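Given below, in the form of structure tokens, are the structures.
Across the two complexes that follow, subunit A remains constant while its partner is subunit B and subsequently subunit C.
Coming up: the complex of A and B.
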């Protein structure tokens, strides 16, 4: 039985590309307002999982239920989702505002409210001054902020993020990481956040789904035992990180030399 | 040879290629034009006496520019060129997008396109004239059939090379098909469409003149052919030069401006 505030339920999920299995079996649930990190080694099937729970790619087996609706049944209702991709995937020939309007136009948000909504969300992300800029004139961090704004814009059931900070320089990634928790609390967003950085997962998430090497299953459903607000350089974060590294060493096949890199 | 040059054109010295000229665009153009005029002049003087001399041709060009009859032909041909160009580009682009997006459409159109590209253009012209007579339809059809497949091919490759990440973005945010085409796909095709339009325009005006020469009573092509039949080579040269220059100006001015406007978002 699912808890009443379950937004996503994944049951017996398998994903294959032809004969190659990417995900062998996953079961989990996510509640409204939760920040869940998906942690796994490269190639274990993290992006495949996001494809399956976003409706981009039908799983080879199992069920995905979003807000009580089966995602892959014919004539099922399309859920409203946000997606922050690794690359920004903005339309470079449209300004920031136009990029957001295109998404609003495709949803059923009444037109009179667009302007206020766009202003509010750009304000939350501190990019109000770039409202009328072309995306190519912005920095990588600013573009990713627009991408996050776009994901928040339609009040999604949940937001998927696939290593959204991994292409940014560390200084930019740090400030965005820090803001992300605040943004999620302010907007009440439910987030599924894929990362291969253990520290990032520990810092951001309420729960970490640690996957095995591909074809993946869930190695551990880990609740982060640190209250908020958190500090990225806090010793407790480093402790939890070290603890997780100890546990995954064997299943991920990490040698002692590799573990630091992976963090 | 240098003697001859010194005698016939004392004011011109042969340019020596040197570092000062290398890379400079304007001197290059002047040299190219100068040598062309020179060769033309020499040819007309010494080698082939039936070639009209540049100076005579210039006089003829001037006369043409004053002539109502010339402008009548010019407008007629221009309308034919633009009409066929627009139809061929739109039709070709539409087919290119269709076969780029749909494998079934591609399976259907691909052999037809390959065939269309293999047929020499004069064959279309002749068959169109046989089928539709010497009216406007024949030229229109022949040009469209000859030009559109090129446009389709260029556009199809560009559709195949599109950013699949934006396709996923469009699906996640549930953009309707029309919005996907307008906001995501078409802008990605702009560079290819501009290339296609350039190509299509150049092919259109060249073929339009041929169609007029072979099968139409009026227009620039017909007028050139008529002058040629009467061996009035000065008229042939003058008409051709004005028309070629006009088409070049149109291509550079119009398409160049369009390109700047459409690609202004680039950083």
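Coming up: the complex of A and C.
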């Protein structure tokens, strides 16, 4: 039985590319308003997982249930979904506002509310002044903010984020990371956040699903024992990070040298 | 470069042609002097017959180009769609690309017996492979990542074509269009001369040449250059600047 506020349920999920298995078996549930990080080494199947959840690719096995609706077999209804990709994927030939509008046009949001909605979401992400700018005129951090705004725009049931801060410089990544939890609280968003950075996962998430090396399964469903608000440089974040590194040493096959690098 | 600076360079480039022209005039017997040609220019431009001939050629180029672009679009999508069509059309496209314009002109004129359709057909035939190849390459490099974006946000087929595919292939279309446009002007004149057309730029040019009206030959050349440059810079490049304004 699922809890009544379950937004996303993944059961017995497997993903293969031809003969190669990327994900051997995953089961987990995510509740409304939760921020869940998915942590795993490079190539363990994190992006494949998001693609299977979002319907970009069909899983080779298993079920994905969103808001009580089965996503596959039969494909009854596409959920409202937000996706923040590693690269921003804005259309360079459309202004910020126009990039958001095509998403609204494809949804059932009434047209007379578009402007207010766009202004509100851009305000939340502190990019209201770039409403009519071309994406090429924005910095990497600003573009990723637009991409997050786009994901939040249609009140999605949940948002998938695939290493969205990994291409940004550390200073920009820090400020966006800091804002992200606040943004999610304000909008009530449910987030599945893929990362390979342990500290980032500890800082952002309520729960961390730690995956094994590929073909992946869940190694541990880890509840982060630190109350909010959190401070990225807090010693307790570092402690939890060190704790996780200890646990994953065997399943990720880390030697002492690699361990220092991951930390 | 600032716009004013650019203009200044273009104008000086054109003015540099004048001394070259004058030297050519002095050292040959059949090239008229610039002064003589410019004296006759106002009268030439005031003659409605001039504009009739220009209009006819312009129409042939525009109609042929439009037809060639349409055929190129059709061929590109067909080649994208099926492997068999890709093979078969591939041969046609390569064949058309390699056909010398003069041969195409003679053939079209022979087949259509000098009728209006022949002139339009030859322009279409010469320009269509450029559009087919350009657009096919554009569609082929289409971005899988943007496809996924369209899927995630449930864009329908039409919004996807309009907002993603079309802007994505626009640079390919424009570069094909430029090539096709340049060739269209080259081939239409050849066709008009070979086809013994009664009207059109080529016809007027040949008439002047046959009767050794050298000033008129020069005038036609001047007007021709002006029109080709105007079409390129006044229409195609402007349109390009507008379409690609987001590049900033």
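Methods note: the second predicted complex is superposed on the first by the 260 of 263 C-alpha atoms of A that agree within 3 Å, B and C clash if a C-alpha of one lies under 4 Å from a C-alpha of the other, contacts with A are read in each partner's own complex, and residues count from 1 in each chain.
Operating definition for what follows: a contact is a pair of C-beta atoms (placed from the backbone, for glycine too) under 8 Å apart; a residue touches a chain by one contact, two chains touch by 3 or more.
Remember, predicted model here, so these are calculated numbers, not experimental data.
Applying the stated clash criterion after superposition on subunit A shows that subunit B and subunit C collide. Contacts of A:134 after superposition on the shared chain: both subunit B and subunit C are touched.
Once the two complexes are overlaid on the shared chain, A:229 sits clear of subunit B and of subunit C alike. In the superposition on chain A, A:55 makes contact with both subunit B and subunit C. By the touch criterion defined above, A:81 lies against subunit B and subunit C together after alignment on the C-alpha atoms of chain A. Contacts of A:102 after superposition on the shared chain: both subunit B and subunit C are touched. Contact with both subunit B and subunit C is seen for A:94 once the two complexes are overlaid on the shared chain. Common to the subunit B-facing and subunit C-facing surfaces of subunit A are residues 54-56, 78, 81, 83, 85, 87, 89, 91-94, 102-103, 105-107, 134, 136-137, 150.
On the side of subunit A, the complex with subunit C involves touching residues 54-56, 78, 81, 83, 85, 87, 89, 91-95, 102-103, 105-107, 134-137, 150. For subunit A in complex with subunit B, the residues that touch the partner chain are 54-56, 78, 81-83, 85, 87, 89, 91-94, 102-103, 105-107, 134, 136-137, 150, 154. Contacts from subunit C toward subunit A in the complex involve residues 145-146, 148-149, 151-156, 159, 163-164, 167, 170, 244, 246-248.
Residues 165-166, 168-169, 171-176, 179, 183-184, 187, 190, 265-267 of subunit B are the ones touching subunit A in the complex.
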